[in-house]
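Shared chain: subunit A. Partners: subunit B in the first complex, subunit C in the second.
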Partner chain A sequence: MVNYGGDEVSALVIDIGTSSLRAGYAGDDTPKAIIPTYYGYLPTSGADVSMADGTEGTETSSNKTQPANTYIGQNGPSIWRPNMEIGNPLSDGLITNFDPIPPLIRHALEDVMRVDATEHPVLVTEPAWNTPENRERMAEIMFEEFNVPAFYIANTGVLNAFASGKGSALVVDIGQSMASVTPVVDGFVLRKGLAYSSIPRFVHNLSRSVLSMNSQYRLKADLWPHQLISSKMPVDVGHPPRYTLREERVAQTTESWKVWAENREIDEWLQSVGAVSDQGWNEQFLSRAAPKQYEFPTGYATTYGAERYQVSEHFFISNHNSPDQPKTLPGLITESLRACDPDLRQVLTSNIVLTGGGSLLTGLLDRLNIEMPRNFAHAKIHAPGNPIERRYGGWLGGSILASLGTFHQLWISKEEWQEHGKAIVGQRCK
Partner chain B sequence: MAGVSLADIRSALSIPDSTEGAGPSQPKKQAQTTRKPEGISRELYSLIGPSQPFLAAQVAKPRLKQKPKFATGGTAATKWELRTVKNPARTDGLALKHWAKASEDPETESPFAKYNIQNPVYTYSQDEYSRFLDTSNRAATPKDANPDFEKQWTKDWTDYLFRLYNDYDGRWPVIWDRAEFPPEANFDLEDLKHRYYSVCRKLIRNRPWPGDEASKTALINSLQFDIEREKMRKRYVVSLESRTSEQMAEEDALYLEVRRLEQTERRFKRDREDLMRTLAGMDSGLPYIVEDNGGPLGILAESSSRGPTKKGRKNPALDGTDSPSTPSGPVSSTPTHKRPQNTKSAAYDAQHCIIRTELSSNTPATKAAHQPAYARSSKIPYLKNNSMQTKILQSFAEMGLSPSRLVMPTKENCAQLEGLLEAVTAMLETKKHLDKVDYDIQVLKKQLGMKTGEGDGDGEGSVKREETMDVDNPQDTETDGNEGRGQSVMSVRSVRSRKKSRAMSTSSVETAATSVSTRKRQKRG
Partner chain C sequence: MSSGVGVNAECLTAFQELKLGKKTKYIIYQLNKTNTEIEVAKTSTGTYEDFLGDLPEDEPRFAVFDFEFEKEDGGKRNKITFFSWSPDGSKIKAKMVYASSKDALRRSLTGIALEIQGTDPEEVSFETVLDKASKGA
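For the complex of A and B:
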């Protein structure tokens, strides 16, 4: 037992990201509850009945704790409701609005996992650039609102390194909104070497402009989500779509819900069509690149050739025409390594951990594998082959950490919280 | 035959078994009546005996995986309890619960408590700080310290550094990352380390030490830190990293080149060794010749006795060229190896008229440089220049000598003959040049005459020109560009040398014609 180092105290692990909130038991290999971080709400405080999780019929428990007009979970934002707005508590990877956080966590723990948080120590993750105020606020929420017996907040960079079985690593994490490069040494983040940018969001916006532009090759794609389409006819590839909208719904759709739904379509397009060429930007190669067909919810189907590569190439190449482009991945890695001690660079480059759902983009790993050794000798990239591990690497690392026998002494207990106050968080979670 | 045991050998040699008196350390031998394992025929078993258990395992029939033994009635299921973990590192009342076997002692501490190790913490009082540790205090700084690396520290900063060290358990990269000193301090990671270790050393040195002196010095040594060297090392690391790809490619290419040269050298050495063994060792069968002419063999013996070279992974006995020295290295080391031997046997050599040819130290150790043994009479200096052969023979005939035969080919005679040959060759060369220049002068004179007296002999001139072309062409193909320059140089001396050559008159041969003919022959051959 000591060899394996685990000693379960049935802790819970909560990992909050821009796209989804993951929660589960420490010691598991996948989170039990994965719910979107986006939530729907009705701005008017009407007397609507909560439909938070209609399938599970947990309306009674939901009603007690969350405002009646908040819609959370798998059936939250994705179900169209008249005048429903969509919100996200995170911006740039940081929690900026703490109001929806307790309902989100409560939904994950109580409605999906059906556990009593007062019985379990809880480990929460944070991005490396989190502010001390944020982590203290999170501790406050967990202790005061959820009455957890013990709490810990750990860095996603460190946890991703742990998930790959490394104590020291250069963690390249590509999420939905942020890409970050975090040097981790002996389980500690080197804050001076931290580099992050919103390049995934930039690529996303670029995809939107590519899709919504009429070009000589194809029509612009209408990004109506299927919730707003009442019927459609099959059409040939490249032909204008024939569909009818649910006009009565369109009239009552809010702008934020429409943006959210369109973003989902764009993400889906990027995930299924987008790719990174492994040899870099090469017009000749791209003109010969195999086109890929994609059909939108409107029924409009078309093929994409060079655009597939053009968009995601911005992960690697900075475009001089767009000065507002965030730092590219190689730029982030170089910046991070330059800020590190020369002695550590060798260790870090030979332990690059690629993680995050954004890293699953076709060809991205191959491209990094080709680009890294050019600049750094002995560069070795470790990327989990299992997409679940790649997407929920932070949660997985938390699951490993919280189930370790040596971790028992690191928990911040409720007693300590009451005795020392907020300062204990900064002291304990270094 | 892997399984031949001592007992088998004993039985084969019919020696009585002596295990009874072998001693207590040996395990008691198994009972002789071991059962025949399944799957082996009786005959085979009687042949191989019980010493082949692995064979039986292979031959045995494959069996299904054994069913796990469940606690069916006989033993009850192990009882597990949800218990609170006892961890001495936790001083608060947090009750973490885990499942443990009910049979275990509930009072045992967590098995992970032993991993909670604290580093020794060094603290100092205000008095100690001002007496030993204050950097503004001259007396506190050691005399031998390099002032370049001694930065000014305040007590607050030092306190802060020690706090960080304890917080991060001495992980220096993390400490340096988290440390937030005011910008005027401008500390490197090495500065922090230097300060910490020097403070610790001073504290240990200046405090009463409870243990013995050796443990004190050991502890101080474990806290040594050479800031100068560390900074230099870091500079090296940085420069190693900042190499451009071209530089790295060049380094790789150079490395490959060295390897290639080494390999060629090794192969060549092996070839030569083979050749030496054939030529000197076996064919002649004379041991002293091996000593004498087999310089390379001596090298080989020497280099192999030099033991493993820098690259220890290669077989040093095979060749001496693996050493990083240049190819001429082993050869240049030869004289040092042979000289003592020579001085010793010099008397012997003189007595027996043995003459040793010494290889010059700068001769490359190639095949061509090697001289096997020979009879002097078989190596009378001979005409090497084929083009001059006939002329040289004629000259010798004029002198009444035979260049190919010596009545008494002693060393001196051979040398004299060689000198004579060289002199004749040189003379003939000079004469050839002279004749050619004479001829040119004649031609030019004719041309001049034609130019002055235009009407004189137009037809004659053209014929002459043709003739010159005929003669010169083959030469042109050989010497081409040098021709013109050679002529002009020669023409200066031509007047003088013409008279001389007439006076010498060693040969009446028409050299110009013969030289052309020999050249033609050469080309054909």
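For the complex of A and C:
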């Protein structure tokens, strides 16, 4: 049994998002292991064959518990393998397939951090809309499969609020697939005020159509990833690219891998070129929008002007032509506040915390800073200036909370788990 | 969710003196060095300005101020106000510990009429607090 004394409980903190799984020691300011949540796998019929092929399977120590045909971590999905499919255990920010979770966590803890989970209490984060079944399942995995001595599951909304020094806050978290607005009051989530939508994914899909359409300004961009390109020649900006594909690979590439690789290119484009205009969408602004050049892995380089702003504008303005567009950020914030008690609204609007990797989109913070006060008198937005703090805000909050010596009384210990079973998770982790 | 940090008995004694004895004007609370307990950093009879001077620029604090003001019709009012002071310049760990420990202190103090959560001087300025205090008066 671990002896909790003073501030050093040497706990581990695990934060699972759609794009990456973050794991590290409590008390650190950045996670030690950041691995993609996406994983590669070969359809089961080929399992034994790939095992016999030898060493290119998963990293050593975990072979016994992990099917030999999954590929996880930095050398997982990003390395091309014939017929490899890509999967993700999360959909809409929730874990919907628990099978790959133990291998992913095991990889982060054992292969990357080289730590023995049986010796450390583990704190796991969860989105505010997580289900009771899901958190119990997570507790079960940690206690039964990893034999952790103690466990706690904490809400990312609360952790983000705490990390910016607030007991009460409206946490706006923009991730890879989901954007959420969580009202937190005195360290507790107001569930009825929770609002979330898949607007980041919508913007992503829009970017895809903008990139892959021929327009009067430029050719469509081929989104071939570098893994499938054997050679390319330098060409002038705006000219058709000259590259050759690795045809032998293309023939054995699965649809899911191709989509995954293309999505990475789109995300990269969005992160480096995409931006939000601070004054909203108008012709005058567009005419002086600074164009930005971008080069794709095919060697095709071109400049984007208005399009840079066009796609991200949908974070703020709903398009009447597409009724299926998820709720915009201002829409989510309004919806959330409307569901909260009027007395609380002022506290919440004056303590808006912006977090999540998606919030780093150029100009997004400025735009919110201009828009929010227009609708809410006392609106004030707090956003960590340090991108690391924003990207890993939930992890960081968990890291600090779990490192407190006084927090030990809240951990669910293994003994308690054995005595009370699943029910204790809901009682203890509020 | 909370950090499990405790509250020193002194905190309550000081608060009772402020509330009932009316001897002191404000109390500043802080976490002890090992982050296990909230303790009294200072009690004072000073003015609101002195009080603001006692809030550090780069460290969070809790505070209670016996806020006295006059209503427009001339009536005098007292509101015991609780402050969570967490300036943007503080270390993230300190912010976190204070934010997650506030509830422990806040719950043990009865008779608080107003709560202020502040991250910059403007949010705790006399005018802002006066504005909030006079709303419900």
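In this text, the second predicted complex is superposed on the first by the 408 of 430 C-alpha atoms of A that agree within 3 Å, B and C clash if a C-alpha of one lies under 4 Å from a C-alpha of the other, contacts with A are read in each partner's own complex, and residues count from 1 in each chain.
Heads up, the rule we're going with is that a residue touches a chain if its C-beta (ideal position, glycine included) is under 8 Å from a C-beta of that chain, and two chains touch if they have at least 3 such contacts.
In this text, all values refer to a predicted model and were calculated from it rather than measured experimentally.
J.: For A:161, is the partner it touches subunit B (first), subunit C (second), both, or none of the two (neither)?
T.: The second partner, subunit C, only.
J.: Could you tell me if A:190 is touching subunit B, subunit C, both of them or neither one (first, second, both, neither)?
T.: Only subunit B is touched by A:190; subunit C is not.
J.: Looking at A:99 after the superposition, I want to know if it touches subunit B, subunit C, both of them or none. Which is it: first, second, both, neither?
T.: neither
J.: Regarding the shared-chain residue A:430, is it in contact with subunit B (first), subunit C (second), both, or neither?
T.: A:430 sits against subunit B and subunit C alike.
J.: If you stack the two complexes on chain A, which partner ends up touching A:150: first (subunit B), second (subunit C), both, or neither?
T.: first
J.: Regarding the shared-chain residue A:408, is it in contact with subunit B (first), subunit C (second), both, or neither?
T.: A:408 sits against subunit B and subunit C alike.
J.: Return first, second, both or neither, reflecting whether A:268 touches subunit B, subunit C, both chains, or no partner chain.
T.: Neither partner.
J.: Once the shared chain is lined up, is A:29 touching subunit B (first), subunit C (second), both, or neither of them?
T.: A:29 sits against subunit C, while subunit B stays out of touch.
J.: Considering each complex separately, which residues of subunit A are in contact with subunit B in the first and with subunit C in the second?
T.: Shared contact residues on subunit A (touching subunit B in one complex, subunit C in the other): 7, 186, 188, 404-406, 408-409, 430.
J.: Give the list of subunit A residues in touch with subunit B in this complex.
T.: Within the complex, subunit A contacts subunit B at residues 1-2, 5, 7-10, 121, 149-150, 185-186, 188, 190-193, 340-345, 374, 377, 404-406, 408-409, 411, 413-416, 419, 430.
J.: Hey, which residues of subunit A end up touching subunit C in the complex?
T.: 6-7, 29, 154-155, 158, 161-168, 186-188, 347, 350-351, 382, 389, 396-397, 400-401, 403-410, 429-430
J.: What residues of subunit C sit close enough to touch subunit A in their complex?
T.: Touching subunit A from subunit C are residues 1-6, 34-36, 60, 84, 86, 88, 90, 92-100, 102-103, 106, 117, 119, 123.
J.: Spell out the part of subunit B that touches subunit A in their complex, as residue ranges.
T.: 85, 87, 89-90, 92-99, 110-112, 115-116, 167-168, 171, 173-174, 176-178, 189, 234, 237-238, 241, 245, 248
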